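Starting off with a structure, shown below.
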Amino acid sequence: MAGFFDRMLTLDRRWIFLFVFLSVAIPIIIPIGLPVTTTGSTRSAFEFIEALQEGDIVWISFDYGPSSAPENDPMAEAIMRQCALKKLRFVVDVLYPLGGLQLANNAIGKIAEEFPKLRYGVDYVNLGYKDGAAAVMRRLGEDIAGAFPTDVNGTPLAQIPMMQGLKSLRQVKLVFTAATGLIGEWWITQVHSQIGIPVIIGPTAVSAPKYYAFLNSGQLVGMLGGMKGAAEYEKLLRGRYPQMAKFYKTTRDFTATKGMDAQTVLHTIILMFILLGNYAYFRQRAKAARA
Amino acid sequence: MNFDFGRVALVLLFAIVPIGGIILGIRAPALRSRIPIMVGFLAGLVPIVSLYVPKNFISGPTGMSPRLDQWLIILAGFALLLGIVNVLQTSIRKITRREAGWPFAVVLLAGLFSTGSFGIHGAISGQGIGFLPDGSPTPFKYMADWFFLPLQSTIFSLLAFFMASAAFRAFRARNTEATILLVAAGLIMAGRVPLLELFALPFPGLQPAAAGASQFLGRTTEWIMDTPNGAAQSGIIIGAALGAASMAIRVILGIERGYLGLGKGE
Amino acid sequence: MPEGAVFDVRRAEPPAYDWQEVATVDPGVGRYVDASVQDGSVYRYEIRVRVAATPAGAETPGAAGTGLEPPTAAAAPAAMGAAVVSDPVASHDNWFRAARANSLVATVLFTVIILSSIAYARSGKNIFIRRIAGLNAVDEAIGRATELGKKVFYIPGSQSMDDIQTVASIAILGHVARATARYGTDLDVPNKDPLTFVSAREAVRSAYLSEGRPDLFREEMVNYVTYDQFAYTAAVSARMVREKPAAIFLIGYFFAESLILAETGQSTGAIQIAGQADPTQLPFFVATCDYTLIGEELYAAGAYLTREPVLLGSMRGQDIAKAILILIGISGIIAVSLGVQGIPEMLLTR
């Protein structure tokens, strides 16, 4: 046993990698179904959208790529489902190059299948990708058609019923950005600070700590922090709209709730390694002190 | 060609004046280092002025400031060509000299030429880089979907493994600060996930207590994220913003020249 | 205002001057900006109150849950208030955006403070700058690489030259390159962004020239890898594992690749100095690197390493501005606690 703790201090990283792999893979294959508790920042985001009126427009920006899709996809889908349930109209744009548009198209396709009564051009529209994120955001505040002359299919905005009355971002009730990197922050510093439009951000878990400063200062009305935030939102959605449970029940499709099982086991394993490592460290220090 | 004031002013400031300076610089070498500094000054001044002067020629949709943004994107495109030339030079040198790892250079060039060719073919033929009319993917999209995206996800997934090994190594209670770091990290890791419910799974009787304790842990986590973390993040962001503003002023006024490769006194 | 009342904003445009709906605004909102007009065109605006029709049997709000029998309301038709019509107006772009006057004052004040601090420094006054361990370690790291006969890796972040952190990183690269030129140490600068690649190459070339060692400079020292984040990370990580540098600098703006690069560098046994102003990736650098420059320490590097009076002066100016901000913050807290809203209103910028 003493040898085990001595070896802990010089443990080969590959043992840790093996445990990490198993702790993520096994719960994905065999879901546990652990409960999810909600936090204030996610609840504020949910209630803000719940308070919007039928017909209000929500701007949903896909500002992430395939690498953070497991965290951001469930967020974007949950928000779009809520919009569809509340009969809010939504406009989708993509400001992240390298894969963002494909993710947006996939998510919209999924929602369109789940809600067959949604009409493209009337209830929702996909504007596609535009380069130059911050410059596009500034332009959207003045003239949407100047930034996106056509939608993703090449149809001029003037021919899309939903966009005919929508000239600038000022007419939109909320911006939701599912973001990785800087683009999410620009919605706060370039758009909210200049136009005053409410922003909800769905950052990756790594970026989430930074946005608490913006939450506290009132520059954000809510935040879905990483996969945990997405799982919380899924829980809130199921709680308010029980008919949504069917989309989160299947074990084949990945959802944030399912991902939380893996994250829980992984955190447990990492905490155990940290505790064992500290015990071994103190044991060694005590031995050295005695010697 | 329309000659609106903004476009003409931009071409004068960033094309004609620097070219004239270069020609003058042939006679006076000392002037040559002044040209990039002057261009930097003008390029920094235009966006700042556009923040406060809402005139169309400066900050309108076709004004000087948005045009400058577009010019930067075009510049980056040309610089990308330089980068690709460098990649080609490095890889070809590696292959011809049979340096260590030269087969990887072959793979790199194969990927570069094949993907590049598919993309250029898609642009020239009008097929694009998405789906063909029959619904099948173009070769470019096939490469992106089945090579590029999985490889990208694989490298990103390394983060989970490296985070675990970094946490194991770094979170040791060596001193007071390290102990605070360890305790905070442990609380956050435990509070963000239903860890206590996981432990209580084999013991149904303990589950309500586990749920209650988990709620408390969750609230503690939220407090740590909201209060100490929020305060520290705000402090760092504000300090960094001031530092960035100070650095920007130095760059615009030509006081900071290290990024141009100019040293003291140059 | 009756319950459920809203304001309809309508606009009459030339040439027909028919009224068209522009927006519906809730009560309490004091300002609506119509951003869809054309400068020079003359418009008229109309505002009127509209109350939506209520059907019969609608519950009185707030009665539910009180245990009282909610009164059954009669149906009420939609109602319109009298319209208020504006005089003919035409928009034009202004010379000054008055809403940002406070920001302009702050910018000018900040610039004046920086410039006067620079003048103060140029007059020969000694300016104290606190010890920054990461910057002290730069020469130590390069010396270690020289002794071991191994490379120095310098990774200038993943953003382009339009990001001020990258500019600061290239300035530090110049200092590092002068040191490697002086000691004859091999330097490798892999780049993700093409503009950064061009600037980095010029900075290194100038550094070697200024040290009188142009013979030691090789074009392949500063090389371009690829624009994709994780392809770049994979390539640089593989290079670290193969070439086992003695010193690695990770200075600039990093995203998710920060931990992969830093942890790989840690596994090779190199001394690592990292620096980033944005706080997102700092925890990973702190956990894996020997020294980390946090926040504005990155921007102080130029002043710290060169000890140029001009740069030291601007650091002093920055600190004075920070002290003023702290004072304003404290005054604001006291004022708001006493119910005076003036300071937050004064600082708000649109």
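Some points to look at:
We call the chains A, B and C, going by the order they appear; numbering starts again at 1 in every chain.
One rule holds for everything that comes next: a contact is a pair of C-beta atoms (placed from the backbone, for glycine too) under 8 Å apart; a residue touches a chain by one contact, two chains touch by 3 or more.
In this text, all values refer to a predicted model and were calculated from it rather than measured experimentally.
Taking each chain's centre as the mean of its C-alpha atoms, the one that lies farthest from the centre of chain B is A. Each of A-B and B-C has its own count of C-beta contacts, and the greater count is at B-C. The distance from the centre of chain A to the centre of chain B, with each centre set as the mean of the Cα atoms, comes to 20 Å. Distance between chain B and chain C, defined via averaged C-alpha coordinates, is recorded as 12 Å. Chain contacts: chain A has residues 13, 67-68, 142-143, 209-210 touching two or more partner chains. Counting only residues that touch two or more partner chains, chain C has 228-230, 256, 278-279.
Counting partners per residue, chain B has 152, 156, 163, 165, 167, 169, 171, 233, 237 as the residues that reach two or more other chains.
Across the complex, chain A is touched by residues 21, 23, 33, 35-36, 228-230, 255-256, 267, 278-281, 349-350 of chain C.
Those residues of chain B whose C-beta lies close enough to touch chain C in the complex are 48, 51-56, 60, 72, 75-76, 79-84, 86-87, 89-90, 93, 100-101, 148, 151-152, 155-156, 158-159, 162-163, 165-167, 169-171, 232-233, 236-240, 242-251, 255-256, 258-264, 266. Across the complex, chain A meets chain C through its residues 13, 67-68, 98, 141-143, 165, 167-168, 170-171, 180-181, 193-196, 204, 206-207, 209-210.
Against chain A, in their complex, chain B makes its touches with residues 61, 66, 69-70, 73, 144, 149, 152-153, 156, 160-161, 163-165, 167-169, 171-174, 182, 185-186, 189-190, 192-195, 197-198, 201, 211, 214-215, 218, 222, 225-226, 229-230, 233-234, 237.
Against chain B, the residues of chain A that register as touching in their complex are 11, 13, 16-17, 19-21, 24, 32, 34-37, 39-40, 65-68, 99, 131-132, 135, 138-139, 142-143, 146, 208-210, 212-213, 215-217, 228, 260, 263-271, 273-274, 277-278, 281-282.
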